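A short worksheet on the structure shown next.
For reference, chains read A, B, C and D in written order, and residue numbers begin at 1 within each chain.
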Amino acid sequence: MKKLRVAVFGGSGYAGGELLRLLHLHPHVEVTVATSEKSAGMPVSSVWPHLTAYSELVFDPMNTAALAARADVFFLALPHKAAQDTAAELIGLGKRVIDLSADFRLRNPDTYESWYQTPHTKRDLLAEAVYGLPERYRSRIRAARLIANPGCYPTSAILGLMPALEAGLVSHPEGIVIDSKSGVSGAGRSLQQGFLFSEVNDGFKAYGLAVHRHTPEIEQELSAIAESEIVVEFAPHLVPMDRGILTTIYAPLAKAVTLDDVHEIYSKRYAGEPFVTVLPTGQYPVTKNVRGSNHCHIGLQVNKRTGRLIIVSVIDNLVKGAAGQAVHNMNIMMGFDETTAIAGMGVFP
Amino acid sequence: MKKLRVAVFGGSGYAGGELLRLLHLHPHVEVTVATSEKSAGMPVSSVWPHLTAYSELVFDPMNTAALAARADVFFLALPHKAAQDTAAELIGLGKRVIDLSADFRLRNPDTYESWYQTPHTKRDLLAEAVYGLPERYRSRIRAARLIANPGCYPTSAILGLMPALEAGLVSHPEGIVIDSKSGVSGAGRSLQQGFLFSEVNDGFKAYGLAVHRHTPEIEQELSAIAESEIVVEFAPHLVPMDRGILTTIYAPLAKAVTLDDVHEIYSKRYAGEPFVTVLPTGQYPVTKNVRGSNHCHIGLQVNKRTGRLIIVSVIDNLVKGAAGQAVHNMNIMMGFDETTAIAGMGVFP
Amino acid sequence: MKKLRVAVFGGSGYAGGELLRLLHLHPHVEVTVATSEKSAGMPVSSVWPHLTAYSELVFDPMNTAALAARADVFFLALPHKAAQDTAAELIGLGKRVIDLSADFRLRNPDTYESWYQTPHTKRDLLAEAVYGLPERYRSRIRAARLIANPGCYPTSAILGLMPALEAGLVSHPEGIVIDSKSGVSGAGRSLQQGFLFSEVNDGFKAYGLAVHRHTPEIEQELSAIAESEIVVEFAPHLVPMDRGILTTIYAPLAKAVTLDDVHEIYSKRYAGEPFVTVLPTGQYPVTKNVRGSNHCHIGLQVNKRTGRLIIVSVIDNLVKGAAGQAVHNMNIMMGFDETTAIAGMGVFP
Amino acid sequence: MKKLRVAVFGGSGYAGGELLRLLHLHPHVEVTVATSEKSAGMPVSSVWPHLTAYSELVFDPMNTAALAARADVFFLALPHKAAQDTAAELIGLGKRVIDLSADFRLRNPDTYESWYQTPHTKRDLLAEAVYGLPERYRSRIRAARLIANPGCYPTSAILGLMPALEAGLVSHPEGIVIDSKSGVSGAGRSLQQGFLFSEVNDGFKAYGLAVHRHTPEIEQELSAIAESEIVVEFAPHLVPMDRGILTTIYAPLAKAVTLDDVHEIYSKRYAGEPFVTVLPTGQYPVTKNVRGSNHCHIGLQVNKRTGRLIIVSVIDNLVKGAAGQAVHNMNIMMGFDETTAIAGMGVFP
């Protein structure tokens, strides 16, 4: 079988490096293009010493027009805003695009402009972009030309709440609190004092309270699931670890349910999903169990004293929260087995 | 001046070791007794290689009657339940006791028995025990014979919420969510697979959801401050770091207030406190900034979209959350300068 | 194609867990048996929450006779000494065995008995056991019934020194110093205070100086390569990280050679090896670049001032240092493509 | 008693921050000046949130002439080369200077120029500068105007080897190998990709092999002690931890000695030293035991098989390896009790 030619735009950031790592394991795919502005002209393996297999692939500088002919599917691991034009140009050339930035995630461009403080100039494309969460939009992904690959925090929050909202378990949704904790790779590879080892190690902190840009993305999807507008309290934190997001969700229960009831609802909802595991009651998920893998683990608790459902979900922010979910989307779009190249389980310990 | 003779009962756990470290810096105090069951007969410095100064102090086995004469003030770093009898015996002998266990923290012994699943046999002593949070009970601590040194999580939660509750900022308190994250030393030094380095490092997890024993302690103190019963959602998590607790508190606001208003209330409340710092608005606390120190840092945010006050407080669980606060209580009881031996700032990085 | 049935004896330790993780990715293999004394009767996925795919495989208690019929190839991830009888019994039943313990690594049983302080009762089997370092013994591995899978430290040391010794670059070999640093998973999953997170994190230490049991294994193989007896100074250290060994080797040069000369010798020696990469001069290896992978990276330096060759090699102790190399050996024995199931590159960051 | 006025030049780096932390605990000292180029005009406590006590001290820009009058003793935590002029100017004004850079450590300015690749323009001052290792130069420190505070690696290496060299235990000193491992704070606070948390965490690496600038400093002092020229193999490594250096030293023995002999020699040599502890035989030092403290712990082993003495020494690179040793030097120069402000033991865990 002739291999699918794929390109990774933005290959020298952590999400781009992870795409390259995973795509190397894909038997039906060949990475023909990888771009990097600052490392243009250098072999991938000298920029990423762990990617020894890419000793002959050399980073190209960004030039969409020139590179378009060399691949069929394009992964965009570019900063938000930069992806708008690139995606539009590639779609115009008949290519399929999986965009890991935030540029096509928010259906309402005004919301985008308000939270991201930058204009959205490709509003027409928003209509056809599909939010790439396979557990919710699998059939639409199959036919999509443009995938808006979900954010890392939203992936963990939405997978955590979806079954409860679908089943009507949650009352007055303004009471939902989403407290997320992320590993440091989520901050990317940019040089900031706050991400130096000596600043981060053996410490913990909160950031972006009340203003984090993943908030509207979470609210959009939860509202769509609940079919009513949901406003959430979303609070991110930074954990001294490489990878992983753990999201603790506090949701007021609409009615008296037992933990077993809830567990059954969740287990049924995700029964056929290759990448979501609902843990037995009494067990809570640990980020380390999904490190390096595309899996999401979910743990549940019902607090009778407070009338709340507590949901804990974990993912690897660079895999299920970025590159792995992007490959999953590609597999669905191309009709490959869904788990190809991303079947690996967590690297523990 | 003749030095005060102090004893550390339970000196081979982390809180006990920290007591020994801090007390060594105290010019008015001499540690004359340290106990350890498993290390009885060994010099402290061979059990704790970092405590080189204690090469001549040898761990005694527990024997309250025999050891009572050798000290004036007794720190109990024993497991809960074990402290009940020991404290009673020492008080009976006219000694002053600072108990780091949970045995005398809950005023209602039935609550204690229900959450700790063990009888409380010293109910009479509960009446006189003083909850050793200096920022709230300073004057009572001065005269106390028996201090119930606060738990680590409760210290961070109560200091975080106290000014807001006192000022009536929080409405329908059943909406309060307290999401805490602790370093691993909080789990003590016991041998459990879940606390092995390879299990914990580079990972993050939740535990004890809805059932953690610090819940009633938090509720007792918050209710006393608010002068009405408060039930909280308290959820602890484990961070791959040695020390530190960061508590994120979500509290529904009773009225529209600005962040500046709240900041002023907090700053005034803690103006004279040597160990509590309210950070400038826009800045959030980092556990690493209080590592090894007795300080509590508090950061604030108001989310207008959700009508919530968000409070973030950090402490070092072994210092302000245990040994340091205990020494603070001793300083107050004995009329020493309050910061003696605990004036050190955080060891950063 | 009918799948090869494989068994993992000792599946609840870290090496056993890693075998299960890797074997799941193998298209020609089915794990039919996994044993664990303490977890017998429990599903693998409840003992190892990261191994979600093994929800139907249940741990058996050890019983070689009863389990022998259920598999064709047996991986022994048992403590040393325990493997002696088990391997002999399985070989007697016509099975093929890959032993990850030290029991069949030392050709001289007296050396074994002296360093391991336990009798060797299967001396006859030693003669046919093949030391499973594919880069040196590939052809013998192909025909072997019993593989002695190399130790983690020896793998890193031997791969680091082999080209230099083969090329006669090293003079008076008594001057060789091997300073190794290992992640904590190398210590296994046993409950010891010294491996608690709070004891290890943010610290570093040496151990086993002059007496570590991997010393004779290193000396045996280096002596065989050099064709003269070599005595080494081997010193292991513990790094606060999960996985990885970095070995720094100091070897007196026999003659004046340039770094480029040495680099060429190493590059040629490992040119065809799928799992060994000699880094460009000026670049040193990082354990994190091989985390979770079967790769070995080697960096080189020549110190003209001291007349020494300095070699730095890194591996993942659980993969190339244990489970990955074991799967590599199985692939060679069975005629599978050598990289099957272990082609994954390092999980970075 | 009127307090001594001290200045910290370069107060926004890690060594500078640590000086401020320690000096705050000094009863006879007042910090009247702290400089920082990039943070000039900002309160120290806003640049260093852990240094809450410095809310009123504001960082000055560097201006030696203008600041000289405001202090009596000057700590220079500036980059090498920058300290040359500043120190000379201050000495010319009659001030006492403790320089934490490398500028006055090497007695031979040609050696300095060769290793640091920059001219030395204050050669006359070199003659009077005293290498500030109290355990060797205490009496000269007392009278010094200019202290060259030792480097972190050299401190650990020299303290480790001094007793053995003084006692003539080491033969053919060209055989000495010094393998050092340092926490990341040793790299300072500069923004480099290689020091980002995600690059460093859970990994280990070597760097600067054969070319590290601390090599000539180590050789100078060891040669002086041995009274013959010593060339060493010095190899630094980076450990994923905040603080701490562990140095493993391999030294060929001149004669057959027992471990007990060596232990006695070391114990006697350091008997009166407040900051050096020789551990009991069989025990090796752990960096975490000296974290945040000015202590050095030394462990010993004799390998009869190889005829080598193995010495392991640990220090906190920011304290005994920088700021703490600087304060120690000040205490000696000023006649204060030597342990004032630096008596604290390690913060463990």
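Just so we're on the same page, a residue touches a chain if its C-beta (ideal position, glycine included) is under 8 Å from a C-beta of that chain, and two chains touch if they have at least 3 such contacts.
The model shown is predicted, which means the values in this text are computed figures rather than measured ones.
Ranked by how far their CA centres sit from the centre of chain B, the chains are topped by C.
The interface with the greater count of contacting C-beta pairs, when B-C is set against A-B, is A-B.
The centroid of the Cα atoms in chain A and the matching centroid in chain C are 35 Å apart. A separation of 39 Å divides the Cα centre of chain A from that of chain B. We define each chain's centre as the mean of its Cα atoms; on that basis chain B and chain C are separated by 46 Å. Among all residues of chain D, those that touch two or more other chains are 14, 185, 198-199, 201-202, 240-243, 285-286, 288-289, 291, 349.
Chain contact topology: the protein chains form a complete graph, every chain touching every other one. By the touch rule above, chain C contacts chain D in their complex via residues 174-175, 177, 179, 181, 183, 198-199, 201-207, 209-210, 231-233, 235, 237, 239-244, 246, 248, 250, 284-289, 291, 299, 301-306, 308, 310, 312, 314, 349.
Contact residues on chain A toward chain C in their complex (touch as defined above): 14, 17, 21, 24-25, 46, 48-53, 185, 201-202, 242-243, 277, 279-280, 283, 285-286, 288-293, 295, 297, 343-349. Interface residues of chain D, counted against chain A in their complex, comprise 14, 184-185, 187, 189, 191-193, 195-202, 240-242.
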